[in-house]
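Sharing a structure below in C-alpha cells format, with a few things to ask.
Note that the chains are named A, B and C in the order they appear, and that numbering of residues resets to 1 at the start of each chain.
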Amino acid sequence: MNSLAKNVKNVMIIFLFCFIALISYIAYFQVFKGPDIAADTGNRRLWAKRNEVIRGTIYDRDGNPIATSKRIDEYSQSRDYAYGDLYVHALGYIDERYGITGLEEEFDEELSKYNGFTNSFRSLLKDFDLKSAIENRNEEKIGNGIITTLDYNLQKIAYDALGDRKGSVVALNPKTGEILAMVSKPTYDPTNLEGAMEDANSGEDTESRLLNRALYGIYPPGSIFKTVTLAAAIENDPAVTARIFDDQGKITFDDGTELNNFMKQAHGSLDLKNAYRVSSNVVFGTLAMEMGNDKLREVAERFGFNARIPGVGISISQSSFPTLEEYELGNIAQSGIGQGSVAVTPMQMAIVAATVANNGVLMQPKLVNKVVDKDGNTIKEIENKVLKSDVISADIAAIIKEYMNYLVSNNIYRWPYFDGTNAGGKTGTADYMENGVEAIPHGWFISIAPVDDPKIAVAVIVENGESGAGSAAEIASQVVHQAIFGE
Amino acid sequence: MDFSKIIRLISGIAFIGILYFIIFYALKIMYKDVKSGGRKRPSSSKRSYGIEVVSVGENSNLEEGSILLLRDVITIGRKEGNTIRLSDQYVSGNHAEIKLKNNEIIIRDLQSTNGIFVNDVKIKDYFKLRANDKFRIGSAIFKVIRSDKN
Amino acid sequence: MNKLKLEKRVLKLIYLLCILIFTNLALLEKPLNKNAIFIGLGLCLIIGFSHYLIRRFYPNGDKFLFIFSSILAVVGVAVLFRIDQSMAIKQLLWVILGIAAYIVISVALPNMSKFADYKYIYMIITLIFMPMGLLYGLIFNVETNGAMNWVYFGPFGFQPSEFGKISLILYLASSLKDYESKNNIKEDFKQLIIPALIVMYSLVCMVLQTDLGSTLIFFGISVTMLYIATSKKKYVFTCLGLSVVGAIGAYGVFSHVKRRVMVWLDPWKYASDEGYQIVQGLYAIASGGLFGVGLGNGYPDLIFASESDFIFAVICEEFGVIFAVGIMIIYFLLFYRGIRIAFVTSDKFSQLLVVGLSTMIACQTLVIVGGIFTVIPLTGITLPLVSYGGSSMLSMFFALGMLQKVSEEN
C-alpha cells in the first residue's frame, strides 16, 4: 500500500504544480497584460462605459440646442444635429469607429461627466432620504452641457454667403475673444460619417471635406498681411504716416527679378493711407525691406505667428512668418506683402483683425462660454482672457482702423452691405503655385465693424476666388451687416 | 460616486472576503484533520469495536476472555460458516448477525428459536448495541467492547 | 468538537455569501427583483438540508466535497442569473436534481466496492456512449457550435460524452484493479491491452466529434489511473510520447485541429473571425481588473458562450481576478479532498475510481481555464458545477456522489 500512497502523492503534487502555475499566470496576465488589453480600441466596453452617461448637449450662445444625444442601445448613442451641417466643423464628430474631433473632443470630459455623487450625496444630506436614494439608484445619467459662443444668425449668413465655394469664414468678438461664427466649406453630412470617411480615403479626394479650414487650412495671406506690415512700419518709424511714396508699379532687384503691383499698375505718388487702400505691393515691399526681416517678424510674432495660439474649445494650427537673411531682399519684400513663405490660417487673420479692433489687445479666442449641468445650472464660466495686452499700441491701432475704414468707405459702391456699418477692411489676393504652375489666387478679406467701437472682426477666404475684392469682401460685408443691424 | 457605485464597492470586497474566509476555515479544519493523524492512519481514527466472550456456557469451542474484532459483519450460529460457531443446542443454525456501520452496531435476530437477550431483555428483530452492552445467545454471554486507541 | 464549530461557521459563511450575492442581483433592477431573493434563499435551504442529511446518515464521510460543490453551484447559479434569468432557473433545477442524485448515491447505495466486478457492463456502456454524439450528428446532420457532441430527444438535449466519461472511469477502475506487475513486458502488456484499446477508441471518438477538450481530459484521466494502478513511470512517459505523436498527426490530418492551434498562437491576428471568442474573453477578463467591475456592471453579452465555456471570464470581469483565483483554489481543494479518499479505503477498485474521478475534476478545470487564458488552445469544455449544462451538472454530481460513498466506507 505504500506505493499507492507515494503514487497518489506524486499525482497530487503534479496537479498542485499545474494549478499554481495556472494561477500564477493568471496573476501575471492581469497585472501586466491586463491594462493594455482593456484599453485596446477593440474593446467595446470602453464605448459601453462611455455610453453609461448620455452625452451632454451643446448649445448656441442663446441657449438653443445644436447637438443632442439619445441612447440607442446599451452600447451606443446617437448624436442629433438640429441644424444639419451648419456647425459641423466647429462641433467635430464623435464616433465609435472614427474617434472624436473638434469641440466634442476638446470638451469631451465635461460632456461625458455626470456629477452624480455631488447630486445624490448632496440631496442625501439635505433630505436625509435614504429611501429615495435607493429608489433613484439607477437614475439616468446625463452629461454636462456646453453653451458655445456661436451666433446662429451670423453662422447662417456666413454659411449661405460662402455657398458652394471652398473657403472659410471666421467671426470674432474683438473685446471678448468669443467666436461668433466659424464656417468651413465644403462641409460633410454629420449623419453620414462613413460616407465622408470613404470619400476622404478614396485617394482621389480633392475636397478635403473633413478639414476645418478655419483652424487647419494653411494659405498664403497675400495683401491682407499688409495690415501687419503697416503696424510694424508705423512702429518702426512713426513718421512714415506722413511720407510720400513713388510707386512706379514695380520694384526691380539686383538680380533682375521684379516685384510687381497688381496688374503692374503704377500709382505714382501716394501716401501710406492710400498705399494701403490701393494695396501697393511696391510700397509695402519697400517698407518690409527697409525695416528688415527681424522687425517685421517680431511684430508678426506678437500677433501670434510662429506659435500655437491657445484657444478654448479649439486648437489652431500654427501660422508662420519666415526668418530671412539680410541679403534676401526679394523674399523680404515678398514677406511684406504676404507672399513668399508666409502662411496663415483664417483664424490667425481674424485674430489680427480683432487685435487691431481691440486697440492692440489680443483676446484668447474661445468657442465656449459656460459649462452647465443637465438641469441648466452653471457649473463653470469661461472668462474672457487677455493673451497679450500690447501687441501694438492703441495709437497705432487707431491709425490702422482709420486706414481700414478709409478703404471700405471708398468702395461702398462695390460692397453695399457695408453701408451704414462704419466698417473697416482690407482685401487680399493671394498668389500661389500648384504643381509648379500658377493657380487661381485665393481671395481674402478682413473686416472690423464699427470702427469706433468694434463689435465684430471677420476674416474670409474664398479658395481660388480670384480677387479678394470680389467674393470675399461680399461675404464679409454680409456678415458684418448682420452683426451690426441684425440684433 | 452614487449609491449604486457604493453598493458595488462594498459587495465586491465582501464577496472576495467571504470566499477567502471560507477557504481559510476549510484549510484550518483540514489541517486539524491532518494533525490528528487523520490522513496517514484513517482506520485508527475511528473507534474499533470488539466482541468479548464473557461466559462460555455450554460451548466447548469458546474461550473466556477472548476478543473478536468487529469489522464489518459477524455472524453467530451453530452451522458452519458462521464467524462464531456455537455448539449449544439452544442455538439455531443461523442465530444472529452483528453489523458495524458508521460507528453503529446492530445485532439482528435471524429468526432464531430461542431469541437473543441484550442486557437480559429479549430483543425484537434488531437492536442497536453500545459499548459495554452484554448479550446472551443460548448459554454464551458476550460483551461489546470499544477501544479508542488512535 | 471544535471541528464541528468550524464546519458550521463555514456553512454560515456560505449562506452569507449566497444571500449577499443574490441580494446584490436583486438590487440591480428597479424595483427589487424578487426572484433573486427566492433563489438565494432556496439555495441556502437546499444546501443546509442536504448537509444535514449527509451528516446524519454518514457522519464519517468527507464533509468538504459537498461544501465545496455547493459554493461552486451557488456562484454558478448566481452568475447565470446575471446573464439570463431563465437559464439560472433551469440550472437551479439541474442542481437540485444533481444534489438529489448525490444524496441517493451516497446514502442509499451499497459500498462502491460492490460495483467492482461489472467491468464488461461498463465497457459496453462506454462503447455505446462515446460515439453517440458523432453518430447522431452524422445521421441527422446536426452540429452544435462546430462540434457534434450533442444528442437531442425532442426539445431535450444531452451530451453523451459526459456520461461516457463516468462509465470510462468505472471501466478503467474495474479492469485495472486486477493488474499485477509481473516484471515481464509481454505479460504486463497483455493485461493492459484491452483497457488501452478502449481508451484509444474513446479518444478517437472525441477527436472525430471535434471535442478536443474531452480528448485531453480522457487522456489525462487514463494516464493518471494507469500510473496509480501500475506504479510504473515509464508507462506514463510512453503514453506522453505517443500522445505527442498523435497530436502532431491530428494537427496534420484534421484541419480543425490546425485552426485551433493557429488561433491559440496568436489570437489577436484572428480577432475578427476565429479568434473573436477568445479575444472577447480576454477583453472581459482584462476589464475586470483585480477586484472586478461589480455584479451587473460587466458586459457578458459581448462574450460568446458566456454561459458555458466562458463563464469563468464573466466571473473574472464582474467579480475580479482575486475572486476567480479563489474559485480556482476551491477546485483544487475539491480535487485534493477527492483524491485523498484513496487513502481511506483499501479496496483497489475504489481507490482507482476515486483517483479517476478526482483527476477528471482537476483536468476539466485546468483545460477550460487554461484555454480561456490562451495557455493552451481553447476547447469546448464546461467548468464543472458552474457552467450551464444539465449533462455536465448531473455527471459531476454522480461523480461526487460516488466519491462521497467511497469516503464513507469502513
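As a convention for this text, contacts are C-beta pairs under 8 Å (C-beta built on N, C-alpha and C of every residue); 3 or more make two chains touch, one makes a residue touch a chain.
Everything numeric in this text was worked out from a predicted model, so none of it was measured.
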* Asked: Can you name the chain whose C-alpha mean lies closest to the mean of all the C-alpha atoms?
  -> C
* Where the centre means the average of the CA atoms, what chain is farthest from chain A? -> B
* Averaged over CA atoms, how far is the centre of chain A from the centre of chain B? Could you give it in whole Å? => 92
* Could you grab the centroid distance between chain B and chain C? Build each centroid from C-alpha atoms only and quote it in angstrom. => 35
* Centroid spacing, where centroids are CA-atom means, of chain A and chain C in whole angstrom -> 62
* To do: Mind pulling the residue numbers of chain B that touch at least two other chains?
  => 7
* Structure fact -> chain A residues touching 2+ other chains are 137-138
* Structure fact -> Where chain C touches two or more other chains simultaneously, the residues are 27, 329, 343
* Which residues of chain A touch chain C in their complex? -> 1, 3-8, 10-12, 15-16, 18-19, 22-23, 25-27, 29-31, 33-38, 40, 42-45, 48, 74, 135, 137-138
* Asked: Can you list the chain B residues touching chain C in their complex?
  -> 7-9, 11-16, 18-23, 25-30, 32-33, 39-40, 42-43, 46, 102-103
* Structure fact -> Residue positions on chain C within touch of chain B in the complex are 2-3, 6-7, 9-10, 13-14, 16-17, 20-21, 24, 27, 57-60, 64, 67-68, 71, 291-297, 319-320, 322-323, 326-327, 329-330, 333, 337, 340, 343-344, 408, 410
* Structure fact -> As the complex stands, chain C meets chain A at residues 27, 29-30, 224, 227-228, 231, 271, 279, 282-287, 289-290, 299, 301-302, 321, 324-325, 328-329, 331-332, 335-336, 339, 342-343, 346, 351, 355, 359, 362, 366, 369-370, 373, 375
